[in-house]
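The structure that follows is given in the form of structure tokens.
Letters A, B and C name the chains as they come in the text, with residue numbers starting at 1 for each one.
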Amino acid sequence: MGLAVPRFWREIPYRYNLIGSRCRVCNRIFFPPREVCPYCRRKSLGKMEEMKLKGRGKLITYTIIYTPPSNFENQVPYAVGIVELDEGPRITSQIVDCDPEKLRIGMRVEAVFRKIQEDGDTGAIYYGYKFRPVGEDEDKGETG
Amino acid sequence: MMNIGIVSYGAYIPMNRIRIEEIAETWGRNPDDIKKGLNVFEKTVPSPDEDTATISVTASRYALSRVNIDPKDIGAIFIGSESHPYAVKPTSTIVGEAISAVPELMAADYEFACKAGTAAIQNCMALVRSGMIRYGLAIGADTAQSAPGDALEYTASAGGAAFIIGKEKVIARINCTCSFATDTPDFWRREARKYPKHGGRFTGAPAYFRHIIGAAKLLMEKMKTKPEDYDYAIFHQPNGKFPVTVGKRLGFDRKQLEQGLLTPYIGNTYSGSSPLGLCSVLDVAKPGDRILMVSYGSGAGSDAFDITVTDEIENFDRDKAPTVRELMERKRYISYAIYAKYRNLLYWE
Amino acid sequence: MRDVAIIGVGVTKFGELWDKSFRNLISEAGTKAILDAGIEGKDIDALYVGSMSPGRFVGQEHIGALVADCSGLDTLHIPATRIEGACASGGMALRQAYISVASGINDIVVVGGVEKMTDVVGGEATNILAMAADQEWEAFFGVTFPGLYAMIARRHMYEYGTTREQMAEVAVKNHENGLLNPNAHFHRKITVEDVLNSPKVADPLTLLDCSPISDGAAALILAPLDEARKYTDKIVKIIGSGQASDSLALHGREDICTLRATVEASRQAYKQAGIEPKDVDVAEVHDCFTIAEILAIEDLGFVKKGEGGKAVEEGMTRLDGEIPVNPSGGLKAKGHPVGATGIAQAAEIVLQLRGEAGKRQVKDAEIGLTHNIGGSGASCVVHIMEVV
């Protein structure tokens, strides 16, 4: 991608472990973490604390990408969705390990650890979260 | 003797499968001959977004989900693989970060063909015994490479297993481990080469069989045990035939091997091979069960383990992560063309 | 604050203009606008230009000075400023130009919009456009621009029962209008079946749900209303201007099916103009994807939330409908050179209000509205104009 590694490196805690933030004034939870709560603003300064999100949630909407950006060509067609985490925040992510045709809004999903992009075959590899559908009866997973 | 052993474990295999028929028909071979010759029917294939790091992370998170251990108490992470995503840059730090075990952490990647994962277990045991660490995380995982059309293509697959090694709440005590190693070049991959080379039938008698039998006998002599003392035996499984043959030669029957024999349906997961077999046994083991595991790594060497399942397994939350059988059931079949795309066999400028 | 008039417009042909450079395009549009207004270069006090990503599309930044230079205004040393707000760059440039004239700081201002998108190879345009999304938390994970709108579309279908056919009707209508616009990128009639059967881009959206990658430029001349008559009789007055923002990422919004930036920008503009949505006679809205036009007519208040699809289906937004929307062909058929779009929308409304829109003329149009979106709705600019 031609961008220096530090740009990706500094996001590692958030992308590997779904670290978000909570506003201690209104208790709203955000992902990615925010420095200022958009509801409490001034009152939230110094009162935003990091918290780990469990990585469980439900699918709010999704698409199946047929015309991908560079670096995603070999995954076409692949699903991308907006997931509403159980703690509240919404997150954009690929939805993997599924037949994209069988996805539906409201489906339960859980976070998995996957390769997101790589900078060609000589550059760095960037990892992070994706989500996969879980059966209603299947409540076990790597983020548990 | 200090009770050192497995405190938790986690397994992972990708959900893609390719049938032997798909590969055989691509190369104009008779699939029945191959299935019969290798006792392999299908193998796992990693998705384009899966590699040894992601497999290791998933297996490790599964292991952690079954116990209440603070990841910061994991003092060492060793990952055995012959398909580390980077030639230089450790996989173990990726896993350390992804399970929040950093930064006070001993981290290293191991390579010894298919037995680097069991070498990781041995090293974690030593560090726990010495008191240098409280828990160690030992992982064997691979996304095995095989050249298109090579005999290895029918078996080289992907998967891995992670073991938390410690001395508290041990579910499977490792009574003894020993190794058997010689310089036997039966299989190798040169620096900067994409695919391994192998010595064909030379990988059999002087390599696989000699080392597994050597290590197993050494262990049973030390422990004064006989094959019938074990409820389960797991041998490295490059195909579905070798482990059965080596078991028979050592005096084990098919029943002892069955639970740990996965290759016919997942292929050879290389560094994940015998560790995944052990996971499959631990999925069903009861207190008092005794397990023999012998890995094999080309080049060549074997690590043998004598393991006893403890009463602690009754309190252990096996259900918090998927069993090997459950992982084997999560599957979707792909064609050779998709396989070729996923495994980067197609080149374009 | 002074009243501001638009006294000149200039638009280039939109499309894959292989023989035209970035510089050719903007100078052509600017020259046309200057000639249309009957002003001279020395009358110009300032220049604003909207462009999304000339740095990536043609490897050139410092666009304000470049545009002054290639338009022959460098010897006049006027202030020249580039405005960027993704696909709303043009609309934002117009608003800045409007504010500068209204404030009294400048009298005659030229404002342009330009994008030269076909000088990059293959999928690079997709990558560049994706920079309008949240790079770290959307685009990094493989979502494209069509993908973001496809997610809106799927949710809209889920919540309101909007159908694929209704979305397709937007494309059909805009292609019909485009047939009547000599500058449009496409001159091709399409059917609902064509849209539904065209290649999938980001399910549920297909290729014909998407606006094209186009080259093009447009320019306007602004003047204080008091002075406008010195130059021309064809005067269109800006009676409302609004701009709003929202979270950059689509996932940051409580209601995925509402572009709050549109709601807020149009509220400001309606208030300033002292009109209601029903008073609008003609509108150019940001139909970068078919679903976007449905969102626009809902969020601008032309119809109730959730009823956009039905309104399109029933012909409310056709040239002969209750509120004709995108008589120019919209982004869909006229083309979408991103930075040019907001200015081209205004140029179309000016022509409509002057009664100079030819075969696509909306009858008795007196009040027109432009609606320009940046990204998946993180920016919105709305202008309302009235014929004087």
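Convention: a contact is a pair of C-beta atoms (placed from the backbone, for glycine too) under 8 Å apart; a residue touches a chain by one contact, two chains touch by 3 or more.
Note that the coordinates shown come from a computational prediction; the quantities given were computed from them, not determined experimentally.
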Chains linked by the largest number of contacting C-beta pairs | A-C
Taking each chain's centre as the average of its Cα atoms, which is closest to the average over all protein Cα atoms shown?
-> A
Mind checking the centre-to-centre distance between chain A and chain B? Centres are C-alpha means, answer in whole Å.
-> 30
Distance between the CA centroids of chain A and chain C (whole Å) is 32
Cα-centroid distance, chain B relative to chain C, in whole angstrom = 59
Which residue numbers or ranges of chain A touch two or more of the other chains?
-> 75, 94, 116, 130
Each of the following residues of chain C touches two or more other chains, namely none
Listed in rising order, the residues of chain C that touch chain A in the complex are 123-124, 126-127, 130, 134, 136-144, 146-147, 150-152, 154-155, 158, 199-205, 249-252, 256
Touching residues on chain A, where the partner in the complex is chain C | 11, 32, 60-72, 75, 77-78, 80-82, 90-94, 100, 105, 116-117, 126, 128, 130
Can you check the complex and tell me which residues of chain B touch chain A?
-> 10, 15, 47-51, 53-54, 57-58, 61-62, 65, 85-86, 94, 97-98, 100, 319-322, 330, 332, 341-342, 344
What residues on chain A touch chain B, complex-wise?
-> 12-13, 16-17, 74-75, 94, 96-97, 99, 112-116, 125, 127, 130, 140-144
